[in-house]
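Take a look at the structures listed below.
Two complexes are shown next, each including subunit A; its partner changes from subunit B in the first to subunit C in the second.
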Partner chain A sequence: MSGTWMTTRAWLLMLPLLVVMVAVIGWPLVDTVNLSFTDAKLVGTGGNYVGFDNYTNMLSSSNFSRTLITTTLFAVISVAAEMVIGVLAALLLNQQFHGRAVLRALMILPWALPTVVNATLWRLIYNPEYGALNAALTQLHLIDAYRSWLGEPGTALAALIVADCWKNFPLVALIALAALQAVPRDITAASLVDGAGAFNRFRFVILPYLAGPLMVALVLRTIEAFKVFDIIWVMTRGGPANSTRTLSILVYQEAFSFQRAGSGASLALIVTLLVTVLAVAYAALVRKTAGSAA
Partner chain B sequence: MERRSTTFTVFIYASALLLAAIILAPIAWLFIMSISPAADLAAKPLRWWPQTADFSRYQTLLSTAENSAGAAFTSSLRNSLEIAGMATLAALALAIPAGWAVSRTPAIGWSLSMVIATYMLPPVALAVPLYMGLSHVGLLNNVFGLALVYLTILAPFTTWLMKSGFDSIPREIEAAAMIDGAGLFQTLRIITLPLAAPVMATSALFAVLLAWDEFFYALLFTSDQRAKTLTVAIADLAGGRVSDYGLIATAGVLAALPPVLIGLVMQRALISGLTSGGVKG
Partner chain C sequence: MSALEIRNVRKNYGSVETLKGIDIALQSGEFLVLLGSSGCGKSTLLNIIAGLAEATSGDVLIGGRSILGVHPKNRDIAMVFQSYALYPNLTVRRNIGFGLEMRGVAADDREKAVNEAARLLQIEALLDRKPSQLSGGQRQRVAIGRALVRKPQVFLFDEPLSNLDAKLRLEMRTELKRLHQMLQTTVVYVTHDQIEAMTLATRIAVMRDGIIEQLGTPEEIYNEPATLYVAGFVGAPSMNMLQSTVEGGTLAIDGSPARLPLPARFSKAIGNGARVVVGIRPEALRVAAGAAEPSLPVEIEVVELTGPELVATARVGTQRLTACLPPAARVSKGQASIFAFGEDAMRLFDPDTGKAF
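Let's look at the complex of A and B:
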């Protein structure tokens, strides 16, 4: 069979997917770009061409810079915590003890719990009047009076990060565990014979095996965290006083609450660009890590 | 195996207990809230264990009486099932031929890379035109419309999984069948697809989980019982003026049940699916 026919046939089999992807992703993306140069409203006829006005207005607004900082804080802290706790959990699950299989099975629970259910659950836990956190901390005499964890700008973002970490660290743990189980036993044994301490053993013997998979988990989690919408919308809607408003929430408000489709589109593209830059930078890093680990 | 000191063993078991508590406590509390009488949940100090188990909220939510809280909940449950089912079938129908084509013809691999790269796009970058487009063709607040939009998430992911699945089926098996005189589609039907059945099942489960979990598009594109999904219904409950927190918890338990059962039963397949991307790097 000739190579050209093989390739043509492959393209034919790809075609349905490509057509659908162009219809539901390609065309909307191009349209978002077009919209971003207009003052179009969400409903009604198309707006007028305004050049880069939406972009300059958005980039110079204090809303944007504040939201960017909030998003970065959320992404960096929650992903860092998820990686550290996830690796610690994986190191534990890589030990031998009774009940290990059960504990490993439990790890799938937070991951499987729908994001909205997780957000609702933590919203109930943080409830200012009847929440379990207030009840527990009061009964342990750690706080004197009930607090509104999601209602105070000082604690809302931290409360969200805890809820996000709880749901996502098990995934990091499972990925890290799979990588740990690929470390050959005789290598760790040899390092023991050579008298390596626990920390050095982790740093020089085990970590190289973890680096590749963890980098991939880091990339995926960071992109996800940067795009975060669901958990924040359900728990705080970006409040109080916009202290938990992330970029996706800001786009939602701009395009759908205020119906400014044009300016919402420009903001959405700025977010897309930021995520792309992150992803490209990370991809380079992953390649480097993979290269040095091999 | 290396020998361990007693201190180390105690440390391991203490850590394992701590980890189990961290994972289980919030989930257990969700269930306890769902069966605690309302008075227990409002009590100060809070009553951690209900005096009597009260399962009436499950009955309330699953009843289909007109205009009840149950009617809204059951209709959203049905919408979620329909949308997840349709979107999953459509995604697989696109992903199986595409995944096989890319697996066997690396020359067109770049097209799949482009499809997968769309994963980086934040949904907000597509939301406004999708909203306008759906509104234009009358598919806003419609289960078909939402299922179509879900292909933006499901199709790239399932294609990538199917491609990795086909990669692990040696093409020599296909070549052997063809030498024996089988045509391409016969070969695929008799040899390749049966071998790929486990990957198809895993892909389908992932797709169902993704669709079941989706919230952003559902929030934007649905407005009432005709198309509202479970995630939107729960967010409504959580953000609304429901005075009985136990009812919100019950809705959460019911919505979590299908994916959690899938997760527990399919553990092995899901974990290998989740980690294959990670381990291959």
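Let's look at the complex of A and C:
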């Protein structure tokens, strides 16, 4: 069978998918790019061509830089915490003990629940009048009076990060737990005989087997955290005083709350570009990790 | 004082008793091979010595000190694994020196010890490579080097040659023998390969179903097997086992008119009418012209030339036996012949207990 026919057949087989992709991704993307060069409103006619004004305005606005910092803080802290907690949980769940299977199943629960359910649950926990967190901290004498964790700019972002970690650490734990199954028993035994303590055993024996899978988890979670919307929208809507406003929330507000479709489109494209840069950088890292592990 | 002493060690996994009371005392410099088929408990025993598994009861002493409950790193042992168990992200140099590094040995001393081990094992050129860049044989040398630098009281080897191809296995076997002769260290070595056991060991413990069937020198195990199991397990081809009955001072071979003289050394222990299994090593058989010595009339079924010898499978009535003959032996398929052997080559076993008379 000739190579040309094989190539033609491959394209033919991919064609339906390509058509769907062009329809649902390509066309809206082109339309968004067009929109981003106009001052179009959400409703009404197409708007006037304004060149790069939307981009320059957006990039020079303090709103954007503040939101970028908030988003970066949210992404870095929550992903770092998820990685650490996820790996620790996986190491614990990899031990032999009674009820391990039940605990493994329970661990998946926060990740399996819909984000809206998770967010609502955490809103209840943080509730300033009857929230469990206030009750627990008061009874432990760590705080004197109930606080509005989501209502204070100083604590809202941290409270959101905790909720996001709780939801997403099981994914990291699950990936790490699967990777731990690949650590050969003999190598662990050899390190015990060689006198490696728990930390050195983790560093020299376990981590090389975890590095590749964890890098994949890191890529996935960082990209997700960078474009986070739902959990924040349900819990704080970007408030108080925009202290939890992330880039996706800003895009939503710009396009739908303030009905500035052109400006919103330019912001959406900036976010897309940032995420793409992140994805490419991480993909290179994954390739490098996989290469050095081989 | 023994270098290693195993006292009545038992191991249960739930209701399954894997080790049923093992007793071994090993002098310094001995090379003990634990030999047995899969599931006989040899690796479990090794893991108990290493501290990677706990004994249900009994005691293990190294240099007169009980080591049960002592962490593996404090047992003064080093272990070589079947899968090499090298740390994949560390260089050969760091792999070999890892045990010393973890014990806080100074970098200079470590380097000296690593270089010395590398020289002994002829892997000096590989020190800066990663395990993934090594062949199977090189990896096993590194694993041995990692054990050597520690200079422990007891070396433990868990089927270290099983993952190597036949040629490399032979080379490494000789290498291990050379190292043991040079260093005179105490070794416990687990294998299911009887050739490895015979060539390397100063003593062999043949294990079966959690017990030691026989503990002795390779010569004792080969020439004076204590049980039918040992007789059948050690030796390739394995020992011929002929079912027979004692009749008037002779051994009447079942399913055949052939009779063998009952050696005088057994005549007191075995009475008339007793059932007996006659064991004769294939190497002890030769083609005879007449029937002067103990001999068996046979009919040759299959002849296989292996190179150094001719393996002939023959029938004695309804029973089969194998003979390892010189390549020039004149035997062919379908031919009637006589296999003769010395009386000393005969081993007699009780078919009910499986034990040697």
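The rule is short, and it goes like this: the second predicted complex is superposed on the first by the 281 of 294 C-alpha atoms of A that agree within 3 Å, B and C clash if a C-alpha of one lies under 4 Å from a C-alpha of the other, contacts with A are read in each partner's own complex, and residues count from 1 in each chain.
Operating definition for what follows: a contact is a pair of C-beta atoms (placed from the backbone, for glycine too) under 8 Å apart; a residue touches a chain by one contact, two chains touch by 3 or more.
Predicted model only: the values in this text are computed from it and were never measured.
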Q.
Tell me the contact category for A:F204 with respect to subunit B and subunit C: first, second, both or neither.
A. second
Q) Which holds for A:A261: it touches subunit B only (first), subunit C only (second), both, or neither? A) first
Q. Looking at the overlay, what does A:L192 touch: subunit B (first), subunit C (second), both, or neither?
A. both
(Q) So in the superposed three-chain picture, is A:I69 touching just subunit B, just subunit C, both, or none of them (first/second/both/neither)? (A) neither
(Q) Under the stated touch criterion, which partner chain does A:W166 make contact with: subunit B (first), subunit C (second), both, or neither? (A) first
Q) Can A:A281 be said to touch subunit B (first), subunit C (second), both, or neither? A) neither
Q) Between subunit B (first) and subunit C (second), which, if any, makes contact with A:L35: first, second, both or neither? A) first
Q) Is the number of subunit A residues in contact higher for subunit B or for subunit C? A) B
Q: Could you tell me if A:P184 is touching subunit B, subunit C, both of them or neither one (first, second, both, neither)?
A: second
(Q) With the touch criterion stated at the top, can you tell me which subunit A residues are shared between the subunit B interface and the subunit C interface? (A) 189, 192
Q | Sites on subunit B touched by subunit A in the complex | A | 1-2, 9, 12-13, 15-16, 19-20, 22-24, 26-27, 29-30, 33, 41-42, 44-46, 48, 93-95, 97-98, 100-102, 104-105, 107-108, 111-112, 115, 118-133, 135, 148-149, 151-152, 155-156, 159, 184, 209, 212-213, 215-216, 219-220, 230-231, 234-235, 237-239, 245, 248-249, 251-252, 255-256, 259-260, 262-264, 267, 270-271, 274-275, 277-279, 281
Q. Where on subunit C does subunit A make contact in their complex?
A. 47, 50-52, 71-73, 77-79, 81-90, 98-99, 102-103, 132, 146, 150
Q | Residue ranges of subunit A touching subunit C (in the complex, touch as defined) | A | 184, 186-187, 189-197, 200, 204-205, 208, 292-294
Q) Taking the complex as given, what residues does subunit A use to touch subunit B? A) 6-7, 9-14, 16-18, 20-21, 24-25, 27-29, 31-32, 35, 42-43, 89, 92, 95-97, 99-100, 103, 105-117, 119-125, 127, 129-130, 132, 135, 138-139, 166, 170-171, 174-175, 178-179, 182, 189, 192, 212-217, 223, 226-227, 229-230, 233-234, 237, 247-248, 251-252, 255-256, 261, 264-265, 267-269, 271-272, 275-276, 279, 286, 290
